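In order of appearance the chains are A, B and C, and numbering begins at 1 in each one.
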Amino acid sequence: MDQIYTDIVLSVLQALFLLAIAPLVTGIIRKIKAHMQQRKGASIFQPYRDIAKYFHKDSVVSSETSWIFSITPYISMAAVLIAALLVPVFVTRTLGFVGDLIVVVYLLGTVRFFTALAGLDAGSAFGGMASSREMMVSSIVEPTMLLSIFAMGLITGTTSLGSIASALSVSGIDLVRPALFLASAAFFISTIAENARVPVDNPTTHLELTMIHEGMILEYSGKKLGLMELSSMTRLVLYFTILSNVFFPWGIANDLSVLSIGAGLVAILVKVMFLALIIAIIESSISKLRLFRLPNLLTVSFTLALLAVMSFYIL
Amino acid sequence: MMLEIMIAIPLVTALLVFITRSRRQMELVSTAGIVALFAVACYIVYDVIADGNIEYSIWYLDSLSAYMLFIITFIGLMAAIYSIPYISHEIKERELTVDRAKYYYVLFHVFMFTMLMVVISNNLGIMWIAIEATTLVSAFLVGFTENDMAVEAAWKYLIICSVGITLALFGTILAYASSITVLGESSDALNWSTLMANAAQLDPTLLKISFILIMVGYGTKVGLAPMHTWLPDAHSQAPTPVSALLSGVLLNCAMYGILRYHLIVSVSVPGFSSTLLLLFGLVSMAVAAAFIIVARDFKRLLAYSSIEHMGIIAFGFGIGGFLGIFGALLHMLNHALTKCLMFLGAGNLLQKFKTRDISQIRGVATLMPITAVLFIAGALAITGSPPFSIFLSEVTIMTGGLSSANYLAVGIYILLLAVIFAAFMYHVSKMMFGEPTEGVTKGELERSRFLPMGTLLVMILVMGVFIPTQLHDLLVKIASLFQVFP
Amino acid sequence: MNDIFLTDVINGLAALILLFAFVLVAGVRMGQIIRAYTLGSLALGLLAAAVAYYTKADHIYVVAVLTIVLKVIVIPKFLNYTVDRIKVKKEVEPLVSIPGSLLICGGLTFIAYYIASPIIAQGSSITKNCLAISIAVVFIGFFVIIARRKAMTEIVGLLMMENGLFLAAISLTYGMPMIVEIGVFFDVLVAAIIMGIFAFKINHTFETLDTTFMRRLRD
């Protein structure tokens, strides 16, 4: 019983931690991009103020929409938070017994599903177009994500994310195999694709030619918009966390001593910041891919994930 | 000693041709070179027949190699002699410059060199290198005229055969792998003689996969279907004497490569390689029959006929038994002689009518009577009519098949032969008889063309009636390599 | 360096070779394709060197150095030179779309593994695992020859098949007898040069390297 209580407490703490630092990570990415463009850029805490601003404003909802439009922000936020409960952040203890990697992938899939529907719901051209593009991207990305995490599951012999993290961090170099690098490369490309980052999608544009994610949330305003923005920021940090802790979990805490938890916190912060830096550099250096070239990039990442699973057997 | 001299001759000839200035000099040097080559080769063949195998350093000549050596150099001699009037005609018609003709002779002799290397090396790896070298050199010969169709044919030939040969390299590697587990790593382990001696101990699975790769790989160069797609293009676009060399000799060299592996694998896994040979043989004959029926270009017609005959040879080896093997071996020589005759005749037609299109060639019997006689005789020969030699070898193979109770296979074989006979003679008779094509003057081209053509015709007539004793003994000796006896 | 580490290095390099083969399939421009081939050959040369270190056989070192000199430096330089001389469009124009090709190559890798399993089970060398990858690379090279239109990519596909074969030779038999290896190398070099010459002739005759124009010979 004790075990389960501590697990629940730790998981909630981890989820709230992710929620708390999500806007900070987004702010840092924007700041780095600004610096690379020789500007000073807004403060790294600006996203917090933005979200707060959204929550104060009124929502304007089109009369053409149905209940899906209203419910999507809540589902989005809820699903991301539940997924966060299942991912090891600074400790390898999560609510893993409730769900494993497949549940995480499909929770994130639920978010995508409802967002796409919401985009269609308002009946505007932008929304529909963005939703169909999103579906095209996710048709390749979803199997990639599943395969790449599955490759890790194969190596460590378990599908619970927490156990994968603890198995890898404990056994050290022995389990390092080519599959690890291939799978992490595939997952990295999926992160970019799922979170609407360049080169897949531009998170700051509202041009019809280039919108995917922005197009789906175009109709939202006020509190609902605040929720959608917050959930996408949290989703980004969630992906970073999965990328760091499932593929390179060294530093994460395996027991509950203060020292290891502290080390785990530091480790995750360092890794997330590092990934934020990489994303910012990529966003500033590479131009967005044309839409019909997207399947090329995404299939490359799918093939990488496939190779990762295969190399586990072949090599 | 003689071996090194023999393979030096074509290289020296090529070099000498390169430094000549005039057309006469070129022709003289080339002819001298090829005659010398033939003479030395005959000497070596007699040596092997009399004294047994020659085996030292990287060379290995048993009776099979000696037989191939004879075929290569004899057909080379015929083709080289025919080249002289052919090329000089092209120069006269301003299709070729003298410099370009020089290039032709140089390539011709280098090509001869590479083919010689195939049949006299002991090491299967070196044999592979030689076969790849034949592809590379002959590609230039195929694309020699440099018009768009020739370049296309040469490219297709280059790519498809290189892919095939790469697969054959894989087969070679696997054969080597099977051998070093028994013999340990040494450069001897890829020698055919060593492999043959230890054949019973080699790993059967590796050898089976190796043979499949060799069959597909070298089979591409032999022209077995379904890897044959390059053959009609390459053999029809090449200059005619080169086509004769390609069809008559190069295909046989590639088949020699397959045979070397067939000998090893049939000791280790009896029946496996024979079945594959039989299947590919029948498929090739069927494909050839289909395309011969719809042929529109007479050189392509001859190329498909080559595919058919390679299929017959493979079929013969697949049937096995003394008669099958004897017939297939005899067929290699007979086909080379007859196909050479046909291509030389086709060369006459091409240079007279300036087209390869069957529908535009009519009444050759009126316009070029001697060529017509030779061509019709050759056509009857190539489709297997008595009293020509091909009839003998085809019947031998058929008897072999019947005696080993492969009734279905032999039935299909006979059916396809009949179909090809009908279709081929239909095309040829359309060309030979009837109203002559307009605008073509009556009269033969250079008389010197009939020297090689006549020689070949005499040979296939004679061999259609009886087989010289020495040839018979040689073939029996080769058959004994296959563990079959009269 | 103990054996386990060496095995890891060899397996990692083999995975890289396969990876670069896929990158070659996904390439859209000639430059990318030639670069993928170069990097794959570099990984191959390093793998040969690792095997040489393990077996302490000098002749494999020679072979490794030859690989790097020929396939990483000479042949790519020559290919780039030919591409520059020919001055055609640098796009590759695949016959099968890129995502489709990648998926087909994934399938081919599966088949390669299936074919290689009986041989792997019997082998005893340190590199036997690489056999599946070598067969896969041969298949992928073959696929590139069929599924791409430009004549230059057919050359690179053929070269890749040779790389796969070389890897198979290393993994099964630690290479072939020296004289054969050297012969094969020069063969590859000469073949590449000759094909380059022909690519030139094709461009000269057809004004394009697109091989779908070469369809005039048919029955």
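Operating definition for what follows: contacts are C-beta pairs under 8 Å (C-beta built on N, C-alpha and C of every residue); 3 or more make two chains touch, one makes a residue touch a chain.
Values in this document were obtained by computation on a predicted structure and should not be read as measured data.
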Discussion item. Of all the chains shown, whose C-alpha centre falls nearest the centre of every protein C-alpha atom combined?
Written reply: C
Fill in: Between A-C and B-C, the pair with more C-beta contacts
B-C
Discussion item. Measuring between Cα centroids, which chain is at the maximum distance from chain A?
Written reply: B
Worksheet entry | Whole-Å gap between the CA centroids of chain A and chain B | 66
Worksheet entry | Where chain B and chain C are represented by their mean Cα positions, the distance between them in whole Å | 32
Item to complete: With chain centres taken as the means of their Cα atoms, state the distance from chain A to chain C in Å.
Response: 37
Worksheet item: Listing for chain C: what residues touch at least two other chains?
Response: none
Practice prompt. Find every residue in chain B that makes contact with two or more other chains and list them.
Written response: none
Worksheet item: Can you list the residues on chain C that touch chain B in the complex?
Response: 118-119, 122, 138, 142, 145, 151, 154, 158, 161-162, 165, 168-169, 172-174, 176-180, 183-184, 187, 190-191, 194-195, 198, 201-202, 205-206, 211, 214, 216-217, 219
Item to complete: Could you please specify the touching residues of chain B with respect to chain C in the complex?
Response: 58, 123, 125-126, 128-129, 132-133, 136, 139-140, 143, 146-149, 151-156, 158-159, 162-163, 166-167, 169-170, 172-174, 176-177, 180, 185-187, 189-190, 203, 205-206, 209, 232-233, 236-237, 291, 294-296, 300
Fill in: chain C - residues contacting chain A, complex
8, 11-12, 14-16, 18-19, 22-23, 26, 28, 97-99, 102-103, 105-106, 109-110, 113, 129, 132-133
Fill in: chain C-facing residues of chain A, complex
140, 176-178, 182, 295-296, 298-300, 302-304, 306-307, 310-311, 313-315
